[in-house]
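Below: a set of structures, written as structure tokens.
Here subunit A shows up in two complexes: once beside subunit B, once beside subunit C.
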Partner chain A sequence: MTTDIDAPTTNPGGMFLQPLLGRLAVHGVMILLSVLSIFPIYWMFVTSFRPANEIFSTALWPSAPTFENYIFVLTRVPMLQMLANTVIVAAMTAGLQVVTGMLAAYALVRWRMRLSGVVHGLIALSWLVPFQVTMIPNYVLASQLGLLDTLAGLIIPNASHAFAVLLLYHAMRSFPNEILEAARIDGAGSSKILWQIVVPNMGAPIASLSIIAFISAWNEYFWPLLLSRKPENSVVQIGLQMFMTQEGNLWGPLMAAACLASLPILIVYLVLQRHVIESFMKSGIR
Partner chain B sequence: MLRRHSLKLMAAFTASLLVPFGASAEMAATVDKPVTITFYNYNLASASAGADATKELIAGFEKKFPNVKVEPIAVPSNEIMSRVQADIVAGRQPDVAQLVFRDLIYIASDLGGNALEDMVKPAELKEQLAGMIPRGLELGKVDGKTYGLAYTFSTPILYYNADLFRQAGLNPDEPPKTWADVAAAGKAIKEKTGKNGFFPGAYGPTDGTFVYQSIVMSNRGKVRDGNKLTFADTNAADAVKMLHDMVASGAHAKIDPASASDTFGSGNMGMFLYTSALLSSMKKSAAGKFELRLAAMPAFGDKPTAPTNSGSALFIFSKDPLKQRASYELLKYLTSREAYTIITSKIGYLPLRLDIVDDPNYLGGWLKENPMFRANLEQLNRLTANLAFPGANYRQVEKMMMDSVREAVFGKGDPAAALKSAQDQAQDLMP
Partner chain C sequence: MTSIEADIVLPKARAAGRAWVRRPREPITIAPWIYLAPALVLLMVWTYIPLVEAFRLSFYQWNMLPTSVPKYIGLKNYERLIALPEMRNALWNTLYYTLGLFPMSVVIPLFVAIWTQDLTGRARKIYRALIFVPMIVAPVVAAILWRWLLNEDQGIVTRGLDWLGLERIGFLTDPRYALATLTWITGWKLIGFSTLLFSAANSGINSAYIEAARIDGATRWGIIRDIRLPLLSPTILLLSMMTILFGAQWSFAYINVLTDGGPLKSTTNIFYLLWQYGFETMSAGWSSAAGMIAFAGFAVLAACCMWLTKRLAVYDN
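What follows is the complex of A and B.
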């Protein structure tokens, strides 16, 4: 009988087991968090296929799945028109905010003016003014300009935003000055410098701003609520509200409409997942 | 004192801004040329049966009056008042609006609503109002003048789950008639089935004050007497204490007030006191799941109940004589026998004309198929006007009252003290 005095005092498998267990624990927590995040979306999707008398069922899948909620949504509310309106409004708003933000940021960064600090401060302060304060004056102005019940009325008041100006201002400040000076020596004017040199090199902040502005415009509720007078001239967030009625909440159609409304944003997210996360990481949620 | 004075000045200033026109000219005798009127309507801003019924009514009116074009403005109910105000400020004078009763006094005193007695010749008005329930006409009156005609309105009815009654050893053929019965039934349901016993749709956020006021008035209480708040006075406070005691005994559910109708619709509650407007959606939720029944609202002992009204009335704001006539014709049409037949049978609200109830040309056939609706119709005999609050701060006063009611019912403190404290504070906001 011999004794192996060189045998290790600990289990050799433990060296591998501990990191494995750690990884499993981390993955377990991540899977749990993922399920918690995805479950409400799953529930919305499943509820959209439940018949009216199964709406409050807690079964994970309806016993008799039906498209009746989607048919109801598409026949009773101009949901497709509202979706198209929302895409137009969100895309135009995001595009205009990028353009106006670029122009303002370039002016503030490049042109040294005596009151540029004050202007910058005023723009920042305007971000803090609650929408409710300007709501009625804006409404009266929109009425005088004949913009009530139009998509232009939803886009124009949001064509510029302090957030866009400030985000692009800070991004532009870190742009190498030498390149701009070189361009100027080569005879380029401000317009050429901005659109042909600065903009092509600011892809990341422009992408961030576009994504945030698009999602923000997509989720806009109060201004369209105030401005639109007919459902067919309104946006999808107002469409969702139409299923919360004085005669009870129509949960099935509401979930079907919510699925339709969230699809474009989910597609944007899936395609631009990395950009979206970076946008929110860098810029915060507006 | 200084604060009250300042508030009065502010209210007067606001009123002067909001009333854009002076006295209007006499209403035209007929609509003899094409005219377009706006109709602010919250049913149209929904995908419910109310939207379909409203479209049907507007189409019927335009067919009858080809000279009149109705431009519907669809606004959700919780925003429609703000929209009417915003449009008046923007110089877009509304013509007809469907507004809720809580705003009644404000509409009459500050928003420039037209009193029918000031607009319509007495003989013509008398002819139009003939056949309408006098108690129903009272709902839209301020200082004796009719500003609103009840349009889509109802009273609280008791929905109950007959299956849960049976499981709790109760007889569903004998629904609770008094609050003592509700307390006993609610406790039995809670103890024997584990489900919620009872909940009234009386605590917000969307139901206004009509269920709460119905309970208070059924105990001979009132939320105000003139400009003096009285919701903490003995009878009103006793009604709230009754609800508080039911919460303590387990008969009254402790759930989020916003989820009460869904809790009942899912079969997890024995009794739910709320407007009949939910009847259609409740029937859909209950189909094949549980037996849904209706009963009249419960009474305090042998005191007759005083059901107040939910819902909306129609108001005219037109200043132009021709538009006034067109608006009045729309008002007449929307409160006609034909219109109330559609409103009751297709949405579930009450008719302001009882002569159509058993008439086979109007509601007779429908009522035979829906006998459970009779419980609601019978309450019309005791219909009591919901009390709106006066003054520029009426919504704040209402909110303070309802906050204190929730605290009194669900809190651990003395219910009467909670109501009294809120009443003293809210009194400063009254005119």
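What follows is the complex of A and C.
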């Protein structure tokens, strides 16, 4: 299956022969889909800047944009602390998934063992176990380990993921064998080969994995919902849920809170747009 | 998209075709196990052992308090669950979520991708950047912003209905509509992304086939039916499989944030029931038994999907 998204399409002559109406219809479909995708997010931003007396306005832009909703949120919920926590959790999760994935992928690619197939299958199939099925034993284990209401508790269970191992495994398999043979003949040990030869050449897959793992960890809701108790020990998704339960009909502040929770991800997207899309496309849905 | 998902489909076949082969005289070593240890230990501790533990718990009665001792009750949890109308309702809703997602995760994206294949240049890039965005929006954020858009009194959609002279709809409060609303929100996150996947696969089709067919006098629809759809079948099957296996799980956050399974249990599904039994009514045995039923059901579905994928997918070799 190809991922060449910008490849010229297969119908070079058609564009000019097609009647204008057809081309308009094509744009119409895409504009409709684009508006459907982006308008809800735009409306969230606009509402967050509306003063309280204008909250139900349907104007596309507030007449007097204000930050009062943001100030309200920041005084009610420890949002900044939660944002900092979420950055830590998401970055640590992504980092650890890269490391554990890299080590496991290297083992699977470098050595041929009788159990390789079994190990590979075991890792891949763990993806199919729904989290809701294992949540009670996981919760009990986390509480026995003293991980309830800690950031470590949010990170450790996600420190390894089948997806990370498989993505790096596929990337590593296409690494040229000759270079590794040469290094081996020069007497380089397996760990030296991994860290000094393989890893420096895996920039693209590592970047893809980091982007996806970071965004998934940022958006994770279920496990923090089980584990977190106090807002200041929790992540931003939980803060948002708490804020909605308390102040569910204060639409301005609620939208401001939602903006704060999504801003970091949207900024990452604005800066790395092409890379983000391609990372997700190459690896499918997670 | 590479074949990462295909790994789930054909794990053994994939593992067998590796590139770097151990030289025959290399002694059997523990080194690979040291490299594998972190990932394997984590998967064991947080996935497989809990799975076995959940299986064991499904035969016990336990309220999850550390001070109480689980009591063995054999198959009673299963017997009660199967007799419970709640369970049947949740299973029907799970089916509804899954089937309801199909138009948004497969059918519409497929047609949009083929319909808009001639788009090029800047317009294509802009559309691409815009329709991808819902994919990275957090489920909780998506839930909250749709709650605002669909608000029964002042939401922009309600205002639109007023303007059109239509009756107001209780999108999240009317049992007739709530399930459809949550399915829509789940699908909203997927529709653009699926379209991009289909577009990528579609523009990767070798244009020589299309040209050849056109010279032979094939119609536009004939080309779609006989060339494009078969060559898009791996993507169609993959997205269908993802929808079937994960669709009901994706909707969890929306149910939890927006309806808590209501109104009148109309939006609950099997995964939400697990959560309610476990953490709202504190009956670990029920939750685990329901979890095992769900897991077994989805395992059978997964096996069917893989079998179908192997049989039906057409690859361009």
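By definition in this document, the second predicted complex is superposed on the first by the 236 of 286 C-alpha atoms of A that agree within 3 Å, B and C clash if a C-alpha of one lies under 4 Å from a C-alpha of the other, contacts with A are read in each partner's own complex, and residues count from 1 in each chain.
The definition used in the following text is that a residue touches a chain if its C-beta (ideal position, glycine included) is under 8 Å from a C-beta of that chain, and two chains touch if they have at least 3 such contacts.
Treat the numbers as computed from the prediction; the structure is a model and nothing was measured.
Peer 1: Report for A:Q196: first if it touches subunit B alone, second if subunit C alone, otherwise both or neither.
Peer 2: neither
Peer 1: Based on the superposed arrangement, let me know which partner A:R229 touches: subunit B (first), subunit C (second), both, or neither?
Peer 2: first
Peer 1: Tell me the contact category for A:F72 with respect to subunit B and subunit C: first, second, both or neither.
Peer 2: In the superposed model, A:F72 contacts subunit B only, not subunit C.
Peer 1: Using the touch definition from the top, say if A:F56 reaches subunit B (first), subunit C (second), both or neither.
Peer 2: It touches subunit B and subunit C both.
Peer 1: Tell me which partner touches more residues of subunit A in the superposed arrangement, subunit B or subunit C.
Peer 2: When the residues of subunit A touched by each partner are counted, C comes out ahead.
Peer 1: Considering only touches as defined above, state whether A:V276 meets subunit B (first), subunit C (second), both or neither.
Peer 2: The second partner, subunit C, only.
Peer 1: Would you check which partner chain A:H170 touches, where first means subunit B only, second means subunit C only, and both and neither mean what they say?
Peer 2: Once the two structures are laid over each other on A, A:H170 reaches subunit C alone.
Peer 1: After the superposition on A, what does A:V133 contact: first (subunit B), second (subunit C), both or neither?
Peer 2: Touch status of A:V133: second partner only.
Peer 1: Tell me which partner A:Q241 touches in the superposition: subunit B (first), subunit C (second), both or neither.
Peer 2: The answer is both, since A:Q241 touches subunit B and subunit C.
Peer 1: In the superposed arrangement, which partner chain does A:L250 touch: subunit B (first), subunit C (second), both, or neither?
Peer 2: After superposing on A, A:L250 lies in contact with subunit B but is clear of subunit C.
Peer 1: Which positions of subunit A sit in both the subunit B and the subunit C interface?
Peer 2: The overlap between the subunit B and subunit C interfaces on subunit A comprises residues 55-56, 136, 139-140, 143, 225-226, 241, 244, 251.
Peer 1: Quick check: in the complex, which residue numbers of subunit C touch subunit A?
Peer 2: Listed in rising order, the residues of subunit C that touch subunit A are 1-5, 7-8, 11-12, 14-16, 18-22, 29, 31-33, 35-40, 42-43, 45-51, 53-54, 57, 64, 66, 112, 115-120, 123-142, 144-149, 151, 154, 156, 159, 188, 190-193, 195-197, 199-201, 203-205, 207, 210, 234-235, 238-239, 242, 245-246, 249, 252-253, 256-257, 271, 274-275, 278-279, 284, 287-288, 291-292, 294-295, 298-299, 302.
Peer 1: For a test of understanding, state which residues of subunit B touch subunit A in their complex under the given definition.
Peer 2: Of all residues in subunit B, those touching subunit A are 42-51, 72-77, 79, 82-83, 86-87, 89-92, 152, 261-262, 265-268, 277-278, 280-282, 284-289, 311, 347-348.
Peer 1: In their complex, what parts of subunit A are in touch with subunit B?
Peer 2: 52-53, 55-56, 72-73, 76-77, 136, 139-140, 143-144, 225-226, 229-231, 241-251, 253
Peer 1: Sort out for me which residues of subunit A touch subunit C in the complex.
Peer 2: Listed in rising order, the residues of subunit A that touch subunit C are 1-11, 14-15, 18, 23, 26-27, 29-31, 33-34, 36-38, 40-41, 43-44, 47, 55-56, 58, 99-101, 103-104, 106-113, 116-117, 119-141, 143, 156-157, 159-160, 162-163, 165-167, 170, 173-175, 177, 180, 190, 194, 215, 218-219, 221-222, 225-226, 237, 240-241, 244, 251, 254-255, 258, 261-262, 265-266, 269, 273, 276-277, 280-285.
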